[in-house]
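So that you can tell them apart, the chains are marked A, B, C and D in the order they are listed, and the count of residues begins at 1 in each.
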């Protein structure tokens, strides 16, 4: 299950407006250089252009850049289209893109500044040429430049930003197919078709087809379902999976597509004692806490044993998890690379994490955990993880591991996770369209300088793995890069720092009349969507 | 009927024959015969009023006196159908020859406040705290006089909650006039005040004004002065008497205070435990009290010429209404109780017209010296009782007293 | 049950029968009478007893482990089947979960009100008895408490102290402190001037003795009624908190949590949220009926105090 | 009267100030760091420290407190940590749906409770009484949000007579506005109405036994007039106070109901803000809620004087 529709579909007639629902309680920021949440990305992708974008097959293609080349490993040269304008009428040329990138480079408080930290210089020798020079090769760099989810290459408007940077965060001006024309606090946003949008369809009709899209914020899953099943809205950015399954089975008027937005989910297992000599200081590079927790003093941490971690990974019945916790809207995850990264994804690589409770028990026996229960540990998670945790608890108990669920509100979750006082923690990522995004900060050995291991949740360290990561990061050549990625993946599977669970799919719902919404990598792009008469 | 009938029994029958509708002028204003008011409670039937008969003449002040719980208030409420939850039965309750018991709620409403109005004991709680006194009087005016002011629910509610009652309306003007009549200074301003802004005496005057507002023929004043200071009490009583003189209205004055009776009433009925003990005109009752209970009551009044060391209190308590002794309800407290007291009570006439005592001491078959019994001819006495009872039973009771006022 | 226990204890503390300094020893008797005569009391008491017993003996009576997941998820209720009240979205038996949920919901409800009552009554007694600036200070504090809508207090407390049985209990109970304080104070003020308190003072009893041995026993009747009514409300409050995800522990079955979990399935599996809702309704209704009967029996005037 | 109102307003202001102070310190006692929430869970320690500094969270608590207080007195509730919007503006945005639901809920409650309570009292121990009492018992025995769920199921999902979600401002039309808030208002109004109905019933029963009601009958007025002209206002006197006190119950109910119906109101904002530790918004919301609560009660008290002429505030002006 990935994308639906195809680019060559054209409508018999155009126009019309739709109501859409976003499962979100407050959009707030829409300035792409600040946006951090996927629901925001799916909205602004309709408002902005990027240097490049992801097409419906998951490939990176040009957006305002018609083409690009890599003269060497550290230089990107883009050809910028002519005749592109911002919603306020400003011309979008190479210098406008240059300004946009340089703006992000100067935003200390942006979560995306890291994506442009290797840029040495940006040049715009003429209106259609943009050159970016990197200080060292960065293989995932091009993915950072997609309008969404990359964000670094999403082009903001100089005039509007300089006029009122505060207002711009909430009410941005872009150059995408729709312009934001109205928003009321927390409740709804109106996207109106941008008349001067540069792109046309294959028959020369101007895009977008729709006149207006009203985005309603409907954080309540059940309300979302009520809304779309009674035609109160025509599109749901995210349906509750249980209702999505109902829609698929019931043959009603709602079409559902389960799409991967580069999401992966796992249970991170504490690999080292934060209070140990080796980690006391090292953990602070990730957590920022100088004083490691003394929670584990005089306590045993079974998961520091590789065999135990592998056993836990084998205890998980991913198919059951998909059914029970996701109502089918997920794929079993046997390794870390998610299906949205089509070019690197392998469903079951060698040594993949497979359900094998027998072997799990053997491994636990070998590790010396033979009691009843074999051992007990706490799983940290947020309320959204609750269903998964509940199923996991049952599955772990089947191999003799007693798990206590510790469900915390998100903010307390983040406080707790960097204390390293839970043996297990629910963890994952989204919008990961390059393998680098899923493991560089998450699993590299934390260092005092640089981003490697900066997000360590479970104090994993393997020098060989680190080396493989570095290689894959510095090799833009896809074929060579994949070698390094496979290598790193094998270290990951051997050490099992994460017990992988699933690659969640986002159920996107639309009424039958609404066609051709672009759902690649979990987006909800309306620029070619139309209403059937 | 034999000659052994008590002489007055004959008289009753005769005068009854003369009481015809065309002869209303001679008729009493209100006639009550054999009134029974019974409450049903968890503990059984409570006969609050148990066979009471009396009549009130035009222009007279008729006192009903008794201890609390003797049934005097219930008697009054029964007349107007205001005794909630009670079963009211009587041989006759007629007002100006209209049968009050036969009337439905609607018919009674036309009587209440219009022909018969009431003044209650506690003016504090009996006036509506959230309405101006003027409006409380004016609404009676409106409802019982055709003065061309709408009295529909809607109009009344609008008056109360929205517009207020117009000062120039006839009803309001009349209310102010009535306040003046009952002796309230600055009646125009006072009419706009709420009850809590007035003193107790003033409030009772308001009650009186309200009672007058429908031009009634009879005002039932239920303990009108009990809640008031003694000085105010006299003023209010005088006010009532003045009104009687001025408007010729009859007053039924219910009180537990014999001193009040002596000063205001023309005639008096003494009640005990829901039954009549003695009726007489006021002078006679105090000069020649015959019933031991009446005498007890009178003796318990402090007097200026008192040389007694102790006031004579009546020993004991009013009997539990669900467990009254048979016969005379007072017998268990009565110092003069004797063998006949368990027999059904009948009213024995005394020398003076209208004086009647419900006490077997006055049975002809009892020979005595004062309250000292010499001899009782039981047989003859019981025969007498039966005869009196038979005379009262089935024959409309025509009180023969009060003819001097007729 | 607990009401009558509390009842006996307070009556017992005041010296049992007899009319020492005006203590009403007839309350227990009236309680018994109410129970035997009043239909409301009978129904209410039976319902509370039924749910109470189901809660206490849940481990023995429940047909399944409340956490055990069966693969055939979302089973509709069918009274003749193995799952008479159906199963939830994990295939867990709802009847079992309901019974275990009753443990938490009832315990939190009772505990919360007990907490509020103990603190509130203490404040009210002290405030009413001493008067003066003690009264001023305490009542201002109560005023401040009152200016917070209860849910706000509860949410803040849970946010600060975290989720958990005791925390939720305190959070819910906190809202009742001011009501009990006001009620107790009012009762004390009306009793303080009465003869038996004067009498107690005149025979040289100390303040504490007078408060706890003379004044308190005389405030018992309205407090018991209040206690009953608030227990009903506390159960509702707990369910609201759990529904908002701020209850005992997200994974513990409580009625409110069951309801909250069922909300997402309303269109496919109405029973998951309807059944616990009915359980809440019936229990609270039972308690309310019982409280109402008690109110009549003890002749306590209805107040709208929350 | 004026003096009394001034005194009460001053008193209310003090209460709100204390409430606000308590909340100021209470929110800072909530574990969790707004800087981390804002920057995302994986933000670097330096970035978080920098932001904390920026937000003034590194200063001593008393400095933060006094700065905050001085701003409050200038009518500045601060800016949201999360959205950079003015807190006042945010609150204004969400207050409308909440107040709409609470207001309509109260109207529904009163419209149900008062007639039902009166009928019940007048027809005591007759079927009307049993029906009304039974319904009110049901009302007070159900959680408001559950009533909401049931209503949503029946009227929105099954019958489709009203929209299932969201809020439409009354500025966009009264009918759509009512359609959107009818069910939520009913859900908050029913429990509130249940309590009020029972109060009305007992209050009315008491009034029916009052001497002045007997007086009114003795005046020969008809039953309905006696009931509505003489009885109603007296019976409402305690109800008004109670209605004010119960406002807390109602406001509490709105929070959960907003969530059921997916309405962006004050309650939702408050809960979301607590979840993301948005201190200024939490503080602002609490101040606003206490403000509404305290002043509604003040308003109720003043109304009380107008329907109860016996009360004269201000020590015999």
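Keep this in mind: a contact is a pair of C-beta atoms (placed from the backbone, for glycine too) under 8 Å apart; a residue touches a chain by one contact, two chains touch by 3 or more.
The UniProt protein names, listed by chain, are B = ATP-binding cassette domain-containing protein; C, D = ABC transporter permease subunit.
The structure presented is a predicted model; accordingly, all values stated were derived computationally and were not measured.
When the partners of subunit A are compared with those of subunit B, the chains appearing in both lists are D.
Of all chains, the one whose Cα centroid sits at the greatest distance from that of subunit C is B. The geometric centre of subunit A is 40 Å away from that of subunit D, both derived from CA atoms.
With centres taken as mean Cα positions, subunit C sits 54 Å from subunit B. Centre-to-centre spacing of subunit C and subunit D amounts to 23 Å, using the average Cα coordinate of each chain.
For subunit D, residues that reach two or more other chains under the stated contact definition are 31, 152, 157, 259-260.
Counting partner chains per residue, subunit C has residues 159, 162, 263, 266-267 touching two or more of them.
Shared interface positions of subunit A, i.e. residues touching 2 or more other chains, are given as 226, 229, 409, 412. Screening every pair of chains for touch gives A-C, A-D, B-D, C-D. Listing the residues of subunit D that touch subunit C in their complex gives 15-16, 18-19, 22-23, 26-27, 29-31, 137-138, 140-146, 149-150, 152-153, 157, 195-196, 198-199, 202, 238-239, 241-243, 245-249, 251-252, 255-256, 259-260, 267, 270-271, 274, 286, 289-290, 293-294.
By the touch rule above, subunit B contacts subunit D in their complex via residues 80, 82, 105, 108-114, 117-118, 120, 122, 125-131, 139-140, 143-144, 153, 156-157, 160-161, 194, 196, 207, 210, 214.
Residue ranges on subunit C touching subunit A, taken from their complex, read 67-69, 71, 73, 89-91, 159, 162, 245, 249-251, 263-268.
Here subunit D touches subunit A in the complex through residues 31-34, 36-37, 39-51, 54, 82-85, 89-90, 93-94, 152, 156-157, 160, 163-167, 259-262, 264, 268-269, 272, 275-277, going by the rule given at the top. Considering their complex, residues 210-212, 214-225, 228-230, 233-234, 237, 307-310 of subunit D touch subunit B.
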